[in-house]
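Read from first to last, the chains carry the letters A, B, C, D and E; within each, the first residue is number 1.
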Amino acid sequence: MKGHKSINYWKSEYIGRTLVTLCGIVIVLTTLAIIAFIAGKGIQSFTVSGISLWEMITSTNWSPNDGHYGALIFIAGSTLVSIGAVLVSAPIAIALAIFMNYISPKFGEKVLRPVLELLVGIPSVVYGLLGVSILVPFLRDSFGGVGFSLMAGIIVLSIMILPTIATLASDALRGVPPQLLEASYGLGSTRWQAISRVVIPAAKKGVMTGIVLGLARAFGEALAVQMVIGNTIKLPEALTSPTATLTGVLTMDMSNTLNGTAWNNALWSLALILLVISFLFILIIRFIGNRGGEK
Amino acid sequence: MNSRTVNKIWTGIFYIVAIFIVLLLGFLVFEILKRGWGFWDLSFLTGKSSNVEAGGGIGYQLWNSFYMLIITLIISVPLGLGAGIYLAEYAKPGKLLNFIRLCIDTMASLPSIVVGLFGLLVFVTATGWGYTIIGGALAITILNLPSLARVSESAILDVPGSVKEASLGLGATRWQTIVKITLPSAMPQIITGVILAAGRIFGEAAALIYTAGLMTPILNPAADLSNPVNPFNIFRPAETLAVHIWKLNSEGIVPDAQAIATKSAAVLIIMVLIFNLLARLFSTLLQKHFEGSKGKKKKTQAAA
Amino acid sequence: MSEIKDKKQEMAMQTEQSKSMDAKPLVYDTRNLNLWYGDNHALKDINLPIQENEVTAIIGPSGCGKSTYIKVLNRMIELVPSVKTTGEILYRGDNIFDKSYQVEELRKKVGMVFQKPNPFPKSIYENVAYGPKIHGVKNKKELDEIVETSLRGAAIWDEVKDRLHENAYGLSGGQQQRICLARCLAVSPDVILMDEPTSALDPISTLKVEELVQELKEKFSIIIVTHNMQQAARISDKTAFFLSGEVIEFDDTDKIFSTPKDKRTEDYITGRFG
Amino acid sequence: MSEIKDKKQEMAMQTEQSKSMDAKPLVYDTRNLNLWYGDNHALKDINLPIQENEVTAIIGPSGCGKSTYIKVLNRMIELVPSVKTTGEILYRGDNIFDKSYQVEELRKKVGMVFQKPNPFPKSIYENVAYGPKIHGVKNKKELDEIVETSLRGAAIWDEVKDRLHENAYGLSGGQQQRICLARCLAVSPDVILMDEPTSALDPISTLKVEELVQELKEKFSIIIVTHNMQQAARISDKTAFFLSGEVIEFDDTDKIFSTPKDKRTEDYITGRFG
Amino acid sequence: ACGNDNPNDASSSDGVGAEISGIVTAAGSTALLPLADVAANEFMQKHSDVSVTVQGGGSGTGINQVANGAVNIGNSDVPSADKIEDEALAGQLVDNKVSGIAFGIVVNEDVKVDDLTVEQIQGIFSGKITNWKEVGGQDLEINVINRPASSGTRITFDKTVMKDVKINDSIGTNQDSNGAVENSINSTSGSISYLAMSYLVEGKDTSLKIITIDGAEPTTDDVANGSYPFWSYEYMVTKGEPKGAAKAYIDFLVSEEFAEKVDQMGYIPMVELMDR
């Protein structure tokens, strides 16, 4: 029983294991490559073109023709539009998750889940198209102004990230042991009391993860937002004023500027900022996860 | 207020939200289809798009979308499945696994435009390929890999441990167990995940603008496979349907640009619908095939 | 073995008391109860009168419907969507299946302790105060009092009084189970349902919970499901033996364990199956 | 109760046979085995010699480490990543923890039947043929023969011979359990480990499996974990009583049940806890 | 396995007139794209052995790609030297003028103004003039719509109309593309922007209005006679002098035989601009 074993036996185990390990390594290498390339490009504006990082993240003056590369407006615009989207989307998403798990699982399973899957499936250009042709005119007629606005971006984005948050929140709720629900019912609580006082606190970690992930999605979304937000290089004064986002400037200027120019390098720096921010979101999610695990 | 009343009010709110979302989707789909009415016209679906004259079709774009989808799946499914198997079956908890997960999470949260730009740097410029289908497919692979890996991992983890134990208990190696027991059982869930991913691949534009290009050469199936006009050449530029919509909306100078864009959007939505239906159909069929009628019963019990 | 014999003798001496069975008022009266999970007929024509201030044990092999029955008593079974019932259960004279019957009130009156301790992921204090709070008690002092009394009632006050605001998950299984009992006592119930409350506990915790049950029956009526026949014999006044969804035998505990009428009961309590 | 007494007498008569205990060769010899799940010391200094062609029962309250121990015997415990062990287990003289020890071979020799029937989601035939196939048997006729012999060995051939190619999930729990046993027999094991094989079964299926165990011990050595003390008394030759990860007592079954040496063993078998 | 790696020398024989073959790839300016594409189709009908593919991507992309050797021709709205900072690289690139293009100042049709002076336009886009009544129209707020600063159209607008006056980016909105500009002018009352004339071909159901600058129209005539300032050349940039099929293609584009088509599509044929 010791020692001997047919070659095939080992081969199948060894080859299979190696192959799937390689797949894991591919993921790691790709991620590292992306970080390396984007960082390598993005850092050139500071090392080669002599732009100050501090100016880039604190100044609102973006006029590449005069050598000013302040990206604060874009950072603020991206932040505002994503936070706005999450504020709109998260309550609705959580309500959907509760509905799917506790109010009417049947309707949730048969109707809501397919609906959410479809919403994910609608391409972002189509959202942009609908945004331009339905939402922008509607906002213009209702609130005045040009319609292209922070609010338009928020609304489009909130629909786009709804499925992400709802699905993750729903998973989190499903993970709450049914015994807790039973315990609460057993003490004579109503359904709402059980949900609000026991289920949601118990699922907080998962729900928060969903929200942060939604935020990350919103931050990185490019085409749809760019089509409706107006791209004005100015901090928004109101929900109805247009502003610009990081992804918006990237889509607009990247293809029209030349490799190696300060302008182009500055754009790569914006891409790097996007990467760093999405990485920050991941760290936040992990932090939430760990903190929850300690208890 | 009486807690029973509060309960009723909240129940009402939940119903309203749920119905609102269903209506919202209904409205969106209705609007898309209404605006793109007539999209099923065969000469539109198969016709060649024109840059100048009205009446162009989306034949090339549709073909490109499907071809891109297939190439992407050929690359990303084995990778995602492999990574999923690795995570579920072989990875040992520890620093390395933690790092792999961090990478997957990071990859999953990458903005698609950043992936597109990475693709531009690497697949377009560094390799000297220019805008190609393969470059686009690789870029979307990056976007899809995390979710495919996760779907595979959770599908594999969902296979009851007792069945895996039974196989190992008979002296099977891990790999034999994976291939003969685990994967067949996890397949329905994996396939559902893949089909849903396919829907998303179909609709991706931002990453493709920088990698697969905005144009398709005039295709000629008779041409040599290495010729960029051969439809199957993966080293040729290819504008997909989603990119086409974006381009029509931004640079379309044909008189009927808006009409084509909205019709294309309708086609895209129909495709996404079909993918979703397929996913559902497939998973129910396979579920039945693999587990028999008893599998279902087990589930309801577990849920209760 | 000897333990059981002692019990029997003790019980035998109480016979005249048991004779007065019908004197005590009924808390629950189950009449022709049938229950289906989808097509699965899980409870068949159950008739079971349950008396005040007694411990009623329910025994039977796995899957015979014990948990199902106990969950019907506070309508917790409704959480399973596929369930259908016929027949009636009178609680203090009212049919709990009546349309107008307020299930929250019922559950307030009928506490429940589960097999696995299931404290909320909150502090010990919040766990116990949860019930009173949802029923509208807001006054801090009043809550403090309820929490203390309930924890004392569940014989765990001394162990936790210095850590009331720590998370209940930090306690041992046996302590958690008693917290759950305290949580239940805090809404001043009338009946307490227990579904194998000790099967996940170590011997010492088990003993504590058993003693507690004996004390609590002074004030409450207790219905306890158990796998452990010796436990049933030790702590209960009445025992119902379930098999495949039917009540095979229901009688004074001493009778069930000394002179079972049904062959199946005998087979079960002598360990021939189950 | 009476059943147990009968058993005792019967056992008492077999005493001289039991005296010859050390004559039979050992299949397993466990020496100073310790096992941790992370920081949880789940098995403490276990010493247990297990003899050929006997039924060895392992009893003890929930969580005492019965399943853990039985899973160490075929190294299935390695599936839990946090597990650490010290000490040794000799199977037929070789330490199974040796680096060079081939775990697949061990598992081929040591079959295992679990608490919940766990057939593969395949046809009955494929379930039974699975083991031989992965060990290289390709010949269709040979496979057919193995399948039939194994199903007969598990006393289920007659029930399934006409539906060999139907999905095993369509069978009843008891039938599934016997399919699992047949699957195990198909790789011609030397030892069969059973972890509460009847606890999910109805009385009649339980009886069938118990009879089967008695038959199988002619050819195999059997180690069986059970919650049901009466079952241990009925079917086993030796019994080990586990408590909190320790072997409290290990002896001939009749001795354990008639004259336990340890107070805790007595408390457990008389149902004072567990 | 890809057809892009050997630029320019893909032809089997040199010189016009002889049968030419090979693969030409072009990418870049979206403004030039329609013309380049139509020319490619007509050119390929003449020379069936040549395959010409034209990509968009923007002027910057075009120059980048041709500089990298990823395409044979980079289409650009501006001379490559304007974009490129690396002098050595700029020296290798040759800008071939292939046509002129005129741009129109366009407004939503509800604007009751038909002509603006250059100063008025400068006032509007720098944010000094905010109401149409200040330039002779009705009392209506002006909604400025700009292209992003890197766009060729905007650079031309800057150079030929705004001159030393700076465009104020914090008023109005920025639209990524000609199409988006067209859409938002159509739907936003009081809006003003600028568009390449190639986007204003007949047959489109748009409701925007073209405004004359100091009385001059964005027509071939007015551009040729020097009265209309808002126009520029379109370039096909090659790495080194164009050769083979690429040269043949560029030559075809500027040829007299193709000039009529150029004019029809809203561009200005090179023949008309010869004397400028």
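Heads up, the rule we're going with is that a contact is a pair of C-beta atoms (placed from the backbone, for glycine too) under 8 Å apart; a residue touches a chain by one contact, two chains touch by 3 or more.
Nothing here was measured: the structure is a model prediction, and the numbers come from that model.
Trainee: In the chain contact graph, what is the shortest path length, in steps, from chain C to chain E?
Mentor: Each step joins two touching chains, and the minimum needed here is 2.
Trainee: Quick check on the contact network: minimum steps from chain B to chain D?
Mentor: Step count on the best path from chain B to chain D: 1.
Trainee: Any idea whether A-B or A-C has more C-beta pairs in contact?
Mentor: Pair with the higher count of C-beta contacts: A-B.
Trainee: How many angstrom between the C-alpha centroids of chain E and chain D?
Mentor: Measuring from centre to centre gives 83 Å for this pair.
Trainee: How many angstrom between the C-alpha centroids of chain E and chain B?
Mentor: So the centroids are 37 Å from each other.
Trainee: How far is the middle of chain B from the middle of chain C, if each middle is the mean of its Cα atoms, in Å?
Mentor: Taking the mean C-alpha position of each chain, the two centres sit 52 Å apart.
Trainee: Chain E: which residues touch two or more other chains?
Mentor: 57, 64, 68, 176, 180, 183
Trainee: Can you tell me which residues of chain D touch two or more of the remaining chains?
Mentor: Touching at least two other chains: 104-106, 109.
Trainee: Counting only residues that touch at least two other chains, what does the list for chain B look like?
Mentor: Each of 3-4, 173, 176, 249, 304 in chain B touches at least two other chains.
Trainee: Would you mind writing out the residues of chain C in touch with chain A in their complex?
Mentor: 74, 76, 79, 81, 104-109, 111-112, 114, 116, 118-122, 130-131, 134-135, 167, 169, 180, 183-184, 187
Trainee: With touch defined as at the start, can you tell me which chain B residues reach chain E in the complex?
Mentor: These residues of chain B touch chain E: 51-52, 54, 124-125, 128-132, 213-218, 226-229, 235-237, 247-253, 255, 257.
Trainee: Considering only the defined contacts, which chain E positions touch chain A in the complex?
Mentor: 57-61, 63-64, 67-68, 83-86, 143, 148-152, 158, 169-176, 180, 183-184, 187-188, 191
Trainee: Along chain C, where are the residues that touch chain D in the complex?
Mentor: So the residues of chain C touching chain D come out as 1-4, 61-63, 199-200, 202-203, 206-207, 228-231, 267, 269-274.
Trainee: Under the stated contact criterion, what part of chain A meets chain B in this complex?
Mentor: 9, 12-13, 15-17, 19-24, 26-28, 30-35, 37-38, 41, 92, 95-96, 98-99, 103-104, 107-108, 111-112, 114-126, 128-130, 132-134, 159, 162, 178, 189-193, 195-196, 213, 216-217, 219-223, 227, 247, 250-251, 254-255, 268, 271, 274-275, 278-279, 281-282, 285-286
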